[in-house]
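I've put the structures underneath this note.
What follows is a pair of complexes built around subunit A, which joins subunit B in one and subunit C in the other.
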Partner chain A sequence: MKKRGVGIGCTWYGTGYGNGFPDVSSAFLEIHDDGSATVLTGAIDVGQGSSTVYAQIVAEELGLKPEDITVVTGDTDVAPDSGTTAATRQTYNTGNAVLRAVRQAKGKLQAYAARTFSCTTPEGIELKDGYIGVKGDPSRRMPLGEMVSTARLQGERFISAESFTAQTTPVNMENGQGAPYWPYAFGCQAAEVEVDTETGIVRVLKIVAAHDVGKAINPTQVEGQIAGGVAQGLGYALLEQVELKEGKIQNPALSSYLIPTALDVPEIESIIIEETESSGPYGAKGLGEPAMLPVVAAVINAIDDAVGVRITSLPATPEKILAALAEKEPERR
Partner chain B sequence: MTQVIGNGSIREDAWGKVFGESKYPADFNRPDQIYGVVIRSTQAHARIRSINVDKARLPGVITILTAEDMVYNRHGVLFRDQPVLAEERVRMIGDPVAAIGAESLAAAKQAAALVEIDYEPLPAIFDPEEGMKPSALPLHPELFPDTNILYHLPIRRGNMDEGWTQAEVVVEREYSTQMVDHAFLQPEAVLAYIDERGHVVVQVATQYAHYDRGEIAHALGLKNSKVQVKTTTVGGAFGGREDISLQIIAAMMAWKTMRPVKFENTRNESFYSHSKRHPMKMYYKTGAAKDGRLVALEAKIIGDAGAYTSWSPNILRKAAVHATGPYEIPHVKIDSYAVYTNNPYTGAMRGFGAAQPVVAYESQMDLLAKELGISQVEIRMRNLLKVGSTTATGQVLTESVGAEACLKAVLPYLTGKEGRV
Partner chain C sequence: MDYFRPLSIEEALGLAQQPGRLFLAGGTDLSLHMREGRINPLGLIDLGKIAELKEIRLEGEWLEIGSMTTFYDLGQSDLIRKQAKALWQACQTMGSPQIRHQATIGGNLGNCSPAADGLPPLLALGAEVELVSARGRERVLLADLLKRTPLLESGTLIKGFLIPLQGWDSGFAKLGRRQALAIARLSTAFALKRQDGVALEVRAAFGAVGRRAFLSEPLAQSLSGRVLNESWLEDAVKGSQNAVAEALGSRASAPYKRVAVGGVVRQALKTMLGGGNHDGD
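What follows is the complex of A and B.
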């Protein structure tokens, strides 16, 4: 018989290296004579989309389009160290370094433009739609590139180097007290599953995933992270296991080490929650790791809701579910 | 208001990915390159009596590297306790022991099969709880002379007696999670060469190019400025590209032969070439008051570090800090341990120690709700962290705590037709 059930999972995740370790990111930036820009960081985009986020941050600050920005990463001869792409830290940490770098160069540019436009304050200068000019005075503006190239002739360049360090303190090794991580990301997912009581096979029908990301700098990429996290979490909950026999891996192949395929991934409804993190770039914190966590519990709890068995050992394989059902109803043996 | 932030800008790598033009490390080749193969340990724990490479010196074989060829033969993200190539001991099946470089991959593989390694098997530990016993043989005596417990974090808060007194219901269960692989779609590959400046250049898919540069420079005895790591497109990582895999071996082979060197793992080799997610055993005892408030948690978490340290202390720390789940619990006693064994070494993987306790703390919540006769939603709403909450480590959460908002957001889907998602 096929039985359906619903479960929820709520989780949290402290981002960053943590525990008082200096978590530093750096960025170099140059605004070019034609009003485009290049930013260099050591932060590797491993497919999650960090380079696109950095292009957006620079474009936002300079009033440009993301495609006007070149992001150079991962060549140690040219880019500064920005720490590892891990710990859900590249949007928050390196994003902050990029934001500081672009604001530093932009500040010099605003000061220069203020003099050019006879404006009394640099804050009165805005960069928008490829132009630089005085807020509220449309008669005083020019293309950004024109301003930058004119400035070069007078020996003024708009280049910068900046760093950002996340706040953390080490935990006390006697009682664990301390503030090891910041910020914390939160998530909650609901799963509906169908359990076949004859075969023990679990089919996941739908996942609803709500994640607090502080601010979604790129909502499409947030949805992508959630979808990838759900797929990986489903593998962890239901399929994946490195089988060991006296230290030897018994299934070192994707034919015997099972990961979810497209057919195993259900409909996923993503909900973006934005509880602003004031220390993050535009209020953002990370999502990379948190995305895969809640689904694990949601599925295990949904299996219990469906057939009344509590699986306490991952993965929840058909064999374990059938054994638990047999234990619950001895007549099934 | 913002114009670009908050909009779904097109990914800067979209063109290359969509049109198949992105280049992964296996796609890079150089004229006159030689092909490398790593010979890995078949023993979980053994002393190496001898390595005989005489029969492997076939035509087309250019070089055979062993530990003796390295300037500094160690690497590791925290302790540098991992030999680049095995010295007198192997500690896990898959430890690199030697590397062959040849004119063709076929010649390298043929030669690799002819290297004779004489092992003297040693007693091995496969269960971390066995490894914790005082009688167990210490696997890293140079780091921890009398124990395999490389990390223990106790978290203590409140008063446990008081907590259990306040508890109306108590749920006590054991949970376990399995070892998993990152299974990134692109197995490890690397191209290393010496450029016209005499610098070592390493093209690789990594999570942290600057770390790789430092470890390569250190192992070869070079300055950082003489080593260039160029990151290619990365075909998934998930933590599995944190520790060094083939980079140092390839760089050393290029340095020694002055020829470009290419390594490319098969899927089978990839399984032995990077860390795994820590299997954890978790003993949980959770108490709740009649109104559903959590009052006490006692948890013991044991993580299998496998043969080397990698990130284990940080991962078991993260497990301990997150063991309560996103809930405020006033009385807490948590102990988290990382233990060496002779299993494949474990390290970073998406979730990093905060993934394993999820199944424990969220199962406990459902079980407590059932005992109390309240709903799964109700028990969570009563306990979720909010602004001003204090965590088990005494950290006060001052802002950006979206736990309740997330739960509330999924609720409408729980009460849909037939009460289903």
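What follows is the complex of A and C.
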């Protein structure tokens, strides 16, 4: 018989290296005389989309389009270090470094433009839609590239170097005080499952995932990271197991160490929560790891709701579920 | 290593006279065995260009399937869907789309993995196998062939399968660890000849329980000649559990599989019995 159940799982998760470990990201940036910009950083985009986020941040500040921005990463000969793509830190940490870098170069350009337009303060200079000019005065503006080009002929370039360090401290082991991580990520997911009481097979029918990302700089990528995290969490909950025998891995291949296929991943409904993180770029914080964390609890709780057995070791294989059912209802055997 | 691509069965058999040469069908198992160094043939005889081996056709009272027919082609065939439903069902889920395009039904028998998805349906459908070698031709019931060791004498080519057309319904189901790209941990195929709500004859086959797929004669007999109703279905489930328990003995997988087979059998029978639609359309 197939029985359905629902369950939820919650997560809070400290992002970044934490515990006072030097968590530093750096970025170099230049605004070019053709109205484009290049940002260089060591942060590696492993598919999660960090390079896109940096292009969006630079474009937002300079009033350009993301496609006007060249992002150079991963070349240690030219790009400054930004630490590992790990710990859910590249949008927050390196995003902050990129934001600082672009604001530094932009400040120099605003100062130059203020002189050109006889504007009293650099703050009165606005960069928008590919133009640079005096706020509220359409007669005093020119294409961004033209301004940078003019400056360059006079020997001025708009180049910056910046870095950002996450603020954490080790925990005091005596009293438990300290700020071991910053910021924290929050999420909650609900799972609906169907358990076959004869085979023990669990089919996950739907996942609803709500995650606080501070600010979704790229909402499509947020949805993608939630989907990826859910798929990985499903593998953790139901499939993935390293089989060791005398220290040797018995299933060192994707044909024997199984992860979910497209057919195993259910409909995923993402809910993006934007609770501003004041220390993040535009209020943003990371999502990478937190997206996979609540899945296990939600699925295990849903199995319990469906058939009334508590699975206490992962993965929740059909064998474990049938064994637990047999223990609960001895007449099954 | 030598590689040959004959255009006829005669040419292939001639090439197979030399020792150390193997027939190559889809290669989805053979190439892995070679990469792992489990076999090291001196030559491969690729059967992929022999058109005769790729045919699916009705011939009198028989449905003939060439050994080099791919799982994809079988799974797309209306003839297979109407006349050999269990085989058609097995072809929808075997491996992945890429593997289904490459792997062949003849190779499935030649490799004869305990978990071979194609064999339980062919067993349940009462298939015969046509073998050819330099020594001549032979037609043998698949159920009998699977009792031989070795399965095939060297230089023997699996020409194809012949399924008798006697108005049998059939159904297949398997248990894998996931929904795609999953090796069967348990598979079953049932075939049923019925009239006026009575199961005249039954065949029940199981895969991935023991060395090779097999037919359970006692189970088939206990279900034959009885009215098709709820208690028949429950007896089929219970009987399958007993058959699997007996086949697995004290193997580590026995405690799970001997129970789980019940759900798999129920699924295989559901498509046949549900709504009483004989051709399963």
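Quick note on the criterion: the second predicted complex is superposed on the first by the 328 of 333 C-alpha atoms of A that agree within 3 Å, B and C clash if a C-alpha of one lies under 4 Å from a C-alpha of the other, contacts with A are read in each partner's own complex, and residues count from 1 in each chain.
Here, a residue touches a chain if its C-beta (ideal position, glycine included) is under 8 Å from a C-beta of that chain, and two chains touch if they have at least 3 such contacts.
All of these numbers come straight from a predicted model, not from anything done at the bench.
S.K.: Judging by the criteria at the top, classify the pair subunit B and subunit C on subunit A as clash or fit.
M.R.: fit
S.K.: Report for A:Leu263: first if it touches subunit B alone, second if subunit C alone, otherwise both or neither.
M.R.: second
S.K.: Given the touch rule stated above, what does A:Gly200 touch, subunit B (first), subunit C (second), both, or neither?
M.R.: The second partner, subunit C, only.
S.K.: Residues of subunit A touched: more by subunit B or subunit C?
M.R.: Answer, by number of touched residues of subunit A: B.
S.K.: After lining up the shared chain so the two structures overlap, which partner does A:Lys65 touch, if you call subunit B first and subunit C second: first, second, both or neither?
M.R.: Touch partner of A:Lys65: subunit B, not subunit C.
S.K.: Once chain A of both complexes is superposed, is A:Thr150 in touch with subunit B (first), subunit C (second), both, or neither?
M.R.: Neither partner.
S.K.: Looking at the overlay, what does A:Ala86 touch: subunit B (first), subunit C (second), both, or neither?
M.R.: After superposition on chain A, A:Ala86 lies in contact with subunit B alone.
S.K.: Does the superposition put A:Ser163 against subunit B (first), subunit C (second), both, or neither?
M.R.: Neither partner.
S.K.: Between subunit B and subunit C, whom does A:Thr116 touch in the aligned arrangement: first, second, both, or neither?
M.R.: Once the two structures are laid over each other on A, A:Thr116 reaches no partner at all.
S.K.: Which partner chains sit in contact with A:Ile273 here, subunit B, subunit C, both or neither? Use first/second/both/neither.
M.R.: first
S.K.: Pick out the closest CA atoms of subunit B and subunit C after fitting on chain A and give their distance in Å.
M.R.: Superposed model gives a least subunit B-subunit C C-alpha distance of 11 Å.
S.K.: Taking the two structures together, which residues of subunit A meet both subunit B and subunit C?
M.R.: none
S.K.: With touch defined as at the start, can you tell me which subunit A residues reach subunit B in the complex?
M.R.: Residues 4, 6-14, 17-19, 42, 44-47, 49, 51-52, 55-57, 59-60, 63, 65-67, 71, 73-77, 79, 81-87, 128, 171, 173-181, 183-184, 186-192, 205-212, 214-221, 229, 232, 235-237, 240-242, 244, 246-249, 252-254, 257, 259, 269, 271, 273-278, 280, 282-283, 285, 288-289, 292-294, 296-297, 300-301, 304, 310, 312-315.
S.K.: Within the complex, which stretch of subunit A touches subunit C?
M.R.: Touching subunit C: residues 196-201, 239, 255, 258, 260-264, 318-319, 322-323, 326, 332-333 of subunit A.
S.K.: Quick one: in the complex, what on subunit C touches subunit A?
M.R.: Subunit C reaches subunit A through residues 175, 177-182, 255-256, 259-260, 262-264, 266.
S.K.: Please name which positions on subunit B make contact with subunit A in the complex.
M.R.: The touching residues are 2-13, 44-45, 92-94, 124, 126, 153-157, 173-181, 183, 205-211, 213, 224, 227-231, 234-239, 241-242, 267-268, 271-272, 276, 314, 317-318, 320-322, 325-326, 334, 341-344, 348, 350-352, 354-355, 358-359, 361-363, 365-367, 376-377, 380, 384-385, 392-397, 399-403, 405-407, 409-410, 413-414, 419-421.
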